[in-house]
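For reference, the structures are reproduced in the following blocks.
Next come two complexes, and both contain subunit A; in the first it sits with subunit B, in the second with subunit C.
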Partner chain A sequence: MTYDKDIPGWLLAERPTGPDGCRLAGIKKKTGFLEKTINDIAEVLRESVFTEQLAGAGGMLQNIDPRVKLVTAAFLLLITAVVRHIPTLLGLYIFTLMLAYFSRVPLMFFVKRVWFFIPFFTGLVVLPSIFNFIRPGDPFINLINFGHPVNIGFLHFPAVIAITRQGLTGAGLIILRVGVSVSLAVLLTITSRWAELLKALRVFFIPRIFVMVLEMTYRYIFLLLTVITDMYTARKSRSFGAGTTKENRRFISAGIGNVFGKAYYLSEEIHDAMISRGYTGEAKVVSTFKIKAQDIVWIILIFVIGIFFLGGDLILGM
Partner chain B sequence: MHIPDGFLSPQTWGTLGLGMIPVWVASAVKTAKSLKIKQVPLLSLGAAFAFVIMMFNIPLPNGTTLHPVGGALVAIILGPWAAVIGITIALVIQALFFGDGGLLALGANCFNMAFVMPFTAYYVYRLISGRSGITSPRRWIGAALGGYISLNMAALLTAVELGIQPLLAHTADGRALYFPYSLAQTVPAISIAHILVGGVVEGIVTGMVVLYFQKANQPMLSLYPPGSRPGEAGPLGGLSLKKVWVAIAALIILSPLGALATGTAWGEWSAEELSKMVGYVPEGIAKARGSMLNVIPDYAIPGWDKTLFQSATGYIVSAVAGLALIFIVVFLFNKFQVKGERSSDIR
Partner chain C sequence: MACNRAVSEPGDVIFELDNVSYNYLNEPPVLKGINLRICRGEKIAVLGANGSGKSTLQKILDGLIFPTGGVVRAFGCELTEDTLQDRDFSRDFRQRVGFIFQNSEAQLFSPSVWDEIAFGPLQLDLPKNEVVERVESIIDMLGLRSLKNRAPYKLSGGEKKKVAIASVLSINPEVLILDEPTNGLAPRTQMWLVEVLVKLHQAGKTIVTATHNLDIVQDIADRVIVLSEDHLITAEGRPEEILRSRELLLRVNLIGEHYHEHSHGAEQGHGHAHFHHHKH
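Here is the complex of A and B:
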């Protein structure tokens, strides 16, 4: 992990958060829900700190106006959604790698981030669809030949079980499409400061009030996450063993209720604080965005590249 | 239940996204009227809560954990309109920053989880709790059933949206362009999991949190409808159903439009349309390919069909050339940008 030079190493080390996580005779004990929640929250916080670091790295995409970045990302996502050939999607994926390279995003991190989580799941979901008994199609590789159709209860299998050509291309298409879409979304968010990105949403004619709520939400998510971490750490430091399921369930629902109640009273206090600072109910968003020449060049560039991919996709369909 | 980009065809996410617009507008108007100046802080904190509730892992008997969606709880406490905005914002943040659900699929995800789910939960809760007092068991039972039913509704809708994809978009030879499974496959696969596990967890959590409020924080249960005391509000809490019906009617009108759009879906054009649209481009490419093949002498790889090899080479060479061109252009842009950046002030 070379990319987190600014986060102290002891914060990054994967350690069990308590005595519960120890190994017993070589078998790693499942971590309890307390540790899991605390770790999950720590992961969210770590993620956002790391993203802010990358957003400040001064690469190519980082220097583009967030609004322009949002619009061009949406355009490329649209292209990804409509093309229908695997080579086009491969080309688009290579293009996202280029963008990552020029934006000083560590390539290994970028590839791992995209392909480890979502498309892995997608791949599992799509896997059965390549077989001819799930989706009929022209056989590509024959697996089993029963010689006659097989019926097991209500399940009917054809005489020959095969991987179909349609199934394979269809599966490849959907996995690549998800992969490219996720890559574009990841690129957009790791090269922008989150607060700026939320402000930039105004280009999609999103009313000011929504943007204001979004900004405030983003800020208070971190506060609530800290509240939950404190609550769970306090609970953990007071408990021995895992506790009964009933006990745990009661603790969690009381915890959720408690956080909800806190959030509500906090909103009242924030409201009072806003009033005392002169808030009249009119939403105002401070924005310092300025479109520069490079942003306009970038729009044209992305448009031309998008058309290039669309054209290539059409030619493949001939 | 968060649908990623690439699973839905453009006509599906387009229709659902358009359908969400009147719902969002109605919810903004509704909350502005009922919450007035408190709108921004209350909705912000509601949205922040809707986001963090997914952090609560519920231990399951088999040692794994599951997190609640929380849409039902937010709807029951803050009302369905505030829940629409709160959950929408939580979904936006999840999609943008955590890759949970696609950006283009946001409309579809909002439709399932930020519109249908809170409204179902709220009305089930009101129907069962009725005019009962704040400490009545009907309240938590209503909340639990609201959580269970609403999550299953959202799951069913997700399954239907995914299941209609093979009907909407496939090539002539039966190749799926988006999600490959049919309704008969998606509905049981997704619904059973939610009927047996997901919905149960959601129901238990929603019911138990309301039970907690009954014991420890009763004012939270009379926040919505605003200004009401327990026993005063009618079974529907004085909410006008009209807006809901308008939204549903708009969706019904919009959905055939989405179905009609299949006829002109990407790549579904006839050959004439295609040649009209791109005209000369294929010719130029064909020419380029021809000259390229004159340069490259006859290679013969055993087992490779000659024409397939030729056309494949043509494609690969032009694709690599195209990508190289893009690389150079982006590289030049980057160089130019760095120079420009140095001379300009820091933003």
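Here is the complex of A and C:
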């Protein structure tokens, strides 16, 4: 096999055509939607690596057995769901902030992660209920005074449109309840390794095979994300300019097909690898979790705190 | 032939392939008329260019796919979909034969290195303390202590290969089948791998390695099987004979015209052939 004869002349030419040296065109390429999306995916990837770092940070919650953590989190979620007063929920929220602090979770990161989406979703859902034309109540802030009731078709508005005290309390209660619940869930997930948390699900009698499927999903999502970012980087390194939206769309659809094919082939290989090591369709696991003294103390502590908040809430209601 | 599951003695035939062929659905055959015997304690290299059918042959040996023609026997028992459905035979066979895949991503499916190594022993229903002991001792043997709790996707290529080997060794198989084990590994890890294989062979394991890395053949094999690009066994012999046969290696497309064999035996004292690419 000889190489020199096979190389076409243009490939041997001194220098490919293009601008000389560092000549700038002064025209910037635009960042397309594709690049933004792919970058966001990469960001998610990095963030999950970051959270694994927090899981190994050695704070208070990180030292609790994941099973105990899961059960106590469920208990606190139950308390959050049944209490009915804003001060109690505020107290619970301050408690989650303290937990975050003692678990070496950066507070700004924690607060941002919880409160970034709640105003959009929960806030939007409860917004109408604060107005007196949706839910009558004692006016708190008067917005518009028509002087007389207004009827537009089937809509009936009172003479004064106001935000009600009951509406505000109800909305606050729901938003806070969601906030505390999400905080607890976020704390649980960022202070635990995913693998351990999934294993801990077994305490709720979730079938082993289901846990195993979840574990493998988690493990291979990372691999497929890497495949996707690699595919995009490879394309970017060979493309000049951002490409038209149409080209990008075509790249995405081809990419989806490509990744699907790869995932399918990989799944067959994984199955072979499992069979080869004696897998017969029944998931067998060994648990290396051990309940320590600090876990017992933690259970008692959370139980006492839960009863404290519940009792306080009952007293507020009297 | 009756199934004989007695412990095999050195020199016993453990794999027997009679006129084996294989083709994927509606595609031309990837293996044709393969006749092969593998004895206990042998170390065999399967050489062949990309696409010559090395991986398919190894998958047949591991009972992952079944020949579309011919017969495969392992440990005196015919390997078919049916015999591998048998609970006792399949457990016995899976324990005796370990397969290290070329793609470590497929081999490492567990959430952590520890779980990965424990997977095989757990499937064999070993008692918990024995599983833990095996995992811990393999971790020490291969120097994986610092990776113990890591997720497989966070490992480097070399680390992945080490964990893949650990995950199969924890089953303590008699036969180790390795598909292109040195692919993508740095020279140092390649050397490490060869040393591990030599040690395992000395411990009595049968080793079947598919490779196109000619540099390691003399270390990892005392018999070489060469698959041609038309999917037949075209040659079989001792590594020195096969490696010296330039015409053969050219014909099966393993080397190009500019490849040269150098024997550094005199200067380095290990008497190995090395292959280099030279331009004249």
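Side notes on the structure shown:
Operating definition for what follows: the second predicted complex is superposed on the first by the 248 of 318 C-alpha atoms of A that agree within 3 Å, B and C clash if a C-alpha of one lies under 4 Å from a C-alpha of the other, contacts with A are read in each partner's own complex, and residues count from 1 in each chain.
Basically, a contact is a pair of C-beta atoms (placed from the backbone, for glycine too) under 8 Å apart; a residue touches a chain by one contact, two chains touch by 3 or more.
Predicted model, so just to flag it, every value in this text is computed and none were measured.
Following the overlay on subunit A, a side-by-side fit with no clash is recorded for the pair subunit B and subunit C. Within the superposed three-chain model, A:V68 lies out of touch with both subunit B and subunit C [touch as defined at top]. In the superposed model, A:I209 lies in contact with subunit B only, and not with subunit C.
With both structures placed on the common chain, the touch criterion links A:I270 to subunit B and to subunit C. Using the contact criterion defined above for the overlaid structures, shared-chain residue A:A100 touches neither subunit B nor subunit C, since it reaches no partner. In the superposition on chain A, A:V285 makes contact with subunit C only, while subunit B stays out of contact range.
Counting residues of subunit A touched by each partner, subunit B versus subunit C, the larger count belongs to B.
Of the two partner chains, subunit B and subunit C are each touched by A:W194.
Of the two partner chains, both subunit B and subunit C are touched by A:Y218.
Put simply, the nearest alpha carbons of subunit B and subunit C end up 9 Å apart when the two models share chain A. Residues common to the contacts of subunit A with subunit B and with subunit C across the two structures: 194, 216, 218, 220, 223, 266, 270, 274-275, 279-280, 288. Within the complex formed with subunit A, the residues of subunit C that make contact are 59, 62, 64, 87, 90-91, 94-95, 97-99, 101, 103, 105-107, 109-112, 114-115, 118-120, 122-125, 128, 131-132, 149, 151-154, 167-168, 171, 256-258.
Interface residues of subunit A facing subunit C in the complex, by the touch rule stated above, are 1-2, 49, 52, 193-195, 198-199, 215-216, 218-220, 222-223, 226, 266, 269-270, 272-280, 284-286, 288.
Contacts from subunit B toward subunit A in the complex involve residues 4-7, 10, 13, 28, 32, 36-49, 51-53, 55-59, 61, 63, 65, 68, 70, 73, 77, 85, 89-90, 92-93, 95-99, 102-104, 166, 171, 173-181, 185, 204-205, 208-209, 211-213, 216-217, 220, 223, 266-267, 274, 277-278, 281-282, 285, 315, 318-319, 322-323, 326-327, 329-331, 333-334, 336-337, 340-341, 344, 347. Interface residues of subunit A, counted against subunit B in their complex, comprise 30, 32-33, 36-37, 40-41, 44, 47-48, 51, 58, 60, 63, 73-74, 77-78, 80-84, 87, 91, 94-95, 98-99, 102, 117-118, 122, 126, 129, 134-138, 166-167, 169-171, 173-174, 177-178, 180-182, 185-186, 188-189, 194, 197, 201, 207, 209-210, 212-214, 216-218, 220-221, 223-225, 228, 245, 248-250, 252-261, 263-264, 266-268, 270-271, 274-275, 279-281, 283, 288, 290, 292-294, 297-298, 301, 305, 308, 311-318.
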